[in-house]
C-alpha cells in the first residue's frame, strides 16, 4: 500500500459476491439452496439436452457426460471401467471425483452459449438430474447445500485420484519430488531395435489436407504433395 | 565445399557481369566509355529534370543536387560553405568527395522510377552534365574512363572527409579506438542547470496529429489531446 | 500461393535468367512507407498458418489451433501464429472496462483497473507455453502427419506483466494460511485453475498484459492473462478477472475431469502441472520432402518446465547412436531453446530423433520408457522422443519406433 | 477507436458496474479458433501504429516510418511495428527466384538459391537495429513531440540466418587481401554499403532470412537481408543480392553523401558505423499525460553498438541527481535492454532522463557534452540523453535542458 500509493482500491461486498462464485471440494463458496431431480429434468430438457443428448449421451458437441459407471463403483468410489483398455470412452461421471466440480462448472459455464444464466435452484436441480442419470441419487432426490456432502460419498470415482506424482511444483499436495520416468542418455550402440512400429496408412495421407500447402515455398525442404500417392 | 556438399554453385562470367556493377573510388568496376556534357544535358532534361529541376536545384522530391560550391573549393578540395552554420542547405555536390560515387549511384539507382535503364554513355554524359552545372568541368567536356581520375582532382569536397573517429569497428581505416565524447556518470548534485532550453511552441502542438490517437487507450498514461490548447 | 517446385540455381549455360534478366524490383520504384501502419507477412508466406486438426474437436469454440512449428525459426513465436486453445470462444475485451479482483485470504479484497496494473513495476520474460495435451494424440499410435499437429500446441513469447506476488502483497495476503491461488477468467468458461504457491512466491507467476512487445492478442487473453512458467497452458488463465488466495486446491472442472492423467491401473493423476523436459526436430520433419542428398542442418526446439535445457542429443539412426547438438544462446529458464546439428544425407532411409536433458538432470524419455510407467491412455504430458523417418524418396514421415 | 477517458475503478457505492453487471463476454459464447490463420492485434490497440513524421521527407518511397516505442513492452518489436526506411520503395520478392552472389576476392564467385542458404547451419540472435539518423532531428532543437518520432527508428528482433563468414569460406575467400565486404541489395536503389571485416570475421554479421520466428517482412528485406549487429541500419542491406570481398572501401552514395557526419570545422566523418551507447525513457514520455499523482514505474530502453548495457541511471530532476535502474534479463550484446525504476510523482514539474553505460565503460553523453565535440549539424549519431518534462497538468513534453 505504502509502496504503491494510488493503485487499486478495496472491493465492495457486492462486487466480491458478484464474482467470487467458485465452489471448492469442501463446499466453501456453495450458496444455500436446493433443487430436485424432477426440476432438473425440466432444466435439462429445456437447456442442455440439445447439445448433450436427452440422457447426456451425445457426442455431437462434446464427449458424453453420463454412462460407464455402476452401482459397484458407487460403493467403491473407483470406476472399474477406467481400468479397461477396451472401454470406448470416458464420460464426465466416470472421471469426476468431486460433486462440487459439477456444481461449480455448471454454474459458471453452462449452458455453453448462455453461461451464468441459471438460477441457483436450477444449478442444484440439473446437477441432481445428472447424478440421477448416473444412478447416484434416486428419482425423488432433492439436492441441497445440506445433503451435498453425503452425495459426495457416493461419487463413483471419488477415490480415483492421486497426487502422488512429481508434476506439482511445491509440497502442498504431498507428491513426490522424483520424476516417475527415469531415462538415461545412452550415446552409442544403444539397445533399441529402431524398427518402425507405427505410421499413418497411405490412405490417410491427405486427411490433414495437402501438406504441400502447409509448408513454406522455399527452404531446405518442401511440403509433401499429399493429393498424389507416395512416389508419384 | 567439403563441409557443405550440394550447396551453391560457381557463378558464370555473364552472371557476374550482370550484377557486379559497383564502381569504387579507385575506379575498379568502371566500364570503358564516355559521354559529353552536351549529351548529358539532353539526358538530364529528358530523364532527370522533372524531379531534380533543370539546374539540379529543385527540392520537390529530394534535396538540391547542385549549388553551394565555388571555384575556390575546386582548388582546395574543401567546400567552404560547409563551415558556415548560416548556409541554408547542403547539396550533393557540396558533400560528395568522390566522382565514382556519382557515377556508381546514377548507374544503379537513377532515374528513381526506372533505375538501371541508362546506357553507359548516358551515365557518363549525365554525370558530366552534373559536374558541369557545378562548374567542375567545362561546357565542351567529354567525361570518360580515361579522364575521370583527373576530374576527381577537381571535386570540390575531395579533401572534406575524415576517418579519424572511433565509429568504424576495426583498424582498416586507421581511425581512433577512443570515443570522441567522454562523459562521466555523476550521481548526485551534478553541475547542471536543469533549465529548459528548447521545447515545441504551443502552436506546433498538433503538427504531428492528435497525440491522443497515437497512444494506447489504457495504461499509466494517455496521449495528449493536442487538438485542444494546453490545460483545456 | 499454394505449392512451388524446387528452386535451384538453373544449370548455367550463359547463366540463370533470374540473374541475367534483372527482376522488375531492380528496375522500378517500390511501394511507399506505411502502406500498413501494422504490417503483414509476405504474400509468399501464406502457407505459414495456424491450423485445426480435422476431427479433433466437435466444435470450433471449444477447440485448438496449432502453430506451424515446421516453418518457424529461433525461439520467438510470431503472435499471429501463437497456438489457440479456447473453451468457450475468444473475445476482444474493452480494456478500459476490464477489472481484476484479488480476494480470499487477504486483509482487504481489492479491485484494479488496467491503468493501475500497468502502473506497477513490471518484468518481461521469455517463456514457452505448452498445452498439457500437446502430443496427446500420439500416446497410442501415430495419429497426425506433421509437427504442426504433433507438437504445435507450443509457443514462446516475451511476456510482460506484474509479478502476482506484488498484487497479493498489495491486498495484504496471508502468506502462511494461503497455500494455493485460484485464477479465474472473464470469458464464458470463466476458466478456473489452482496455481502453485511456490511459483507465486518465487515471483515467477506474472499477471501479464504484454506479449512480444505489444499487448496480448485477443485469442491469447487480451487484456490480461496469467503466466505460469513451466506449467501447462490451461493454467495460464486468459481474460483474467480474479485471483483468490486459499488454503485448499479447488478441484475445478479442468482439474478433476480434464487435465488429469489416466494411469494403467485406472487411477488419474490430479494437479499434474509441470511440462517436463521435451524436444522435437522441426527441420526436417513429418510431411516434408528433402529436395536433394547432401548437407542439412537439423534444427529443433527443446524446453523444460523445470528450468533450463542443458543438452540436446540427436540421432539419425532411430536411437542407436547420438551426437550432441549446438544450443543457441540465450538458453533461458522455462523457455524454448533452439538446437542445430550438421547432417549429410546420403539418400538412404534415416530415422531422426532428438532427446533433451534439463538442468535437474532429467532426460527426455523414449515412448517406450514413458509407456512402461504411464501406459498409453494419459492423454496429457506426452513428452516422449519424437521420431521422423526420412525415406529414400526424401519424404519425411511421422513414425514410432521400437 | 480513437481516444478514451481515464478508466478508474468507479467510486464504489454498491460497486463498479463493470463488475456488478457481468459483461457480455462472461455470459456468451465467443469466436471460434482460426478466425484468422494469421492473427491480428485487438481492435482496441488501433492507436499503436508506425507513423511518418510530417514534412520529414519529400516522397513516401524515400522515407521512413517510426516505431511506436511509447506503447511497446520488453525488448522485442512486433514485426508489424518494425520501423521502415526505404530509399526506393519496398517490394514483396518471390523467394524462389531470389539469388545471392558472392564475388570479389574469392576463389570462385558463387551463386546461392534461398533453398541452399536455408540449408546451411544458422544462428538466431536478438539484436537491435537503429537508423544512423535516429534522433537526428534533435541535434539543434526540439523538433518532434513524442519518442515515436525522436527515437522510433529503432527496433529489436530475433534474427535467424547464416554467418556471412560461412558463405565467404564456401566461395574460397582470400581473407588476407579481403579487408572489406560490399553488400548490395536487389531493389531499385540497390543499396550498397561497405561492411566492416572485423564483424564478419567474428561471425556476428549474418545473412538473415528469419525475424522473430518467421521470415523477414517485405518492408524489412524479404527474403534476405544483412544483419550487422551494432552498426547503423543502412548497412543491414535489404533484398540482399550480392556480397563482394575487396581490399578497399567503396565510398557509395550512402557512405559519401549521406550517413556522413558534419563536424563544426566543415569536415565530414566518413564510414561512421557504430551506434554508440544510448537510452530513452519510453514510459512516461513526450506527448503523454499522467492520469494522477502517485506511483509510477519509469521504463525505457538502453542499447549499445559496442556490446552489452552495463548500467542505466535515471534522473527525475533534469540531471542533478540519479538513481540506478533495474535491468531486465537477459542483457544481450548489441541488443535492446529494458530498464525500470520506481517513482512516486508528487504532482510537481519533473524532468525525466536516462543515461546508459556499456561494458566498454562508455557513458551516454548529455546533449551539451555531445555538442561540445560535434556541434549541432551532424544529422547522424545523436545518442544524447533525452529529457522529458512532466508538467503539473500531467502533460509530458519533449525538452532540451542546460
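By written order: A, B, C and D. Residues from 1 in each chain.
Just so we're on the same page, contacts are C-beta pairs under 8 Å (C-beta built on N, C-alpha and C of every residue); 3 or more make two chains touch, one makes a residue touch a chain.
As the structure is a prediction and not an experimental result, all values here were calculated from the model.
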| item | value |
| --- | --- |
| Touch-connected components when chain D is not counted | one piece |
| B-D or B-C - the one linked by more C-beta pairs in contact | B-D |
| Centroid comparison with chain D (C-alpha atoms), farthest chain | A |
| Centre-to-centre distance between chain C and chain B (centres being mean Cα positions), rounded to whole Å | 46 |
| Centre-of-Cα separation between chain D and chain C, whole angstrom | 27 |
| Distance between the centres, which are taken as Cα means, of chain D and chain B, whole angstrom | 22 |
| Interchain centroid distance [CA atoms averaged], chain A/chain B, Å | 66 |
| Of all residues in chain B, the ones touching two or more other chains | 4, 6-11, 15, 19, 112-113, 115-116, 216-220 |
| Residue numbers of chain C (touch at least two other chains) | 4, 6-7, 9, 16, 19, 26-29, 44-45, 48-49, 51, 59, 61, 71, 88, 95-96, 101, 111-116, 119-120, 188, 190, 215, 223, 241, 291, 294-297, 342 |
| Touch-based graph of the chains, sorted into line, ring, star, complete or other | other |
| Contact pairs between chains, per stated definition | A-C, A-D, B-C, B-D, C-D |
| In the complex with chain B, residue positions of chain C that touch it | 9, 12-16, 19-20, 22, 26-29, 95-96, 113-115, 118-119, 215, 223, 292-295, 342, 344 |
| In the complex with chain C, residue positions of chain B that touch it | 3-12, 14-15, 18-19, 112-117, 216-220 |
| Interfacial residue positions of chain D with respect to chain C in the complex | 4-9, 12, 16, 18-19, 23, 25-45, 48-52, 59-61, 63-65, 71-82, 84-86, 88-99, 101, 111-116, 119-126, 158-160, 186-188, 190, 209-210, 212-215, 217-219, 222-223, 239, 241, 291, 294-297, 299, 326, 328-330, 332, 338, 340, 342 |
| Sites on chain B touched by chain D in the complex | 1, 4, 6-11, 15-16, 19-22, 24-26, 28, 59-62, 78-80, 82-83, 85, 90, 92, 95-98, 100-101, 104-105, 108-109, 112-113, 115-116, 157, 160-173, 179-190, 192-200, 204-205, 207-226, 230-231 |
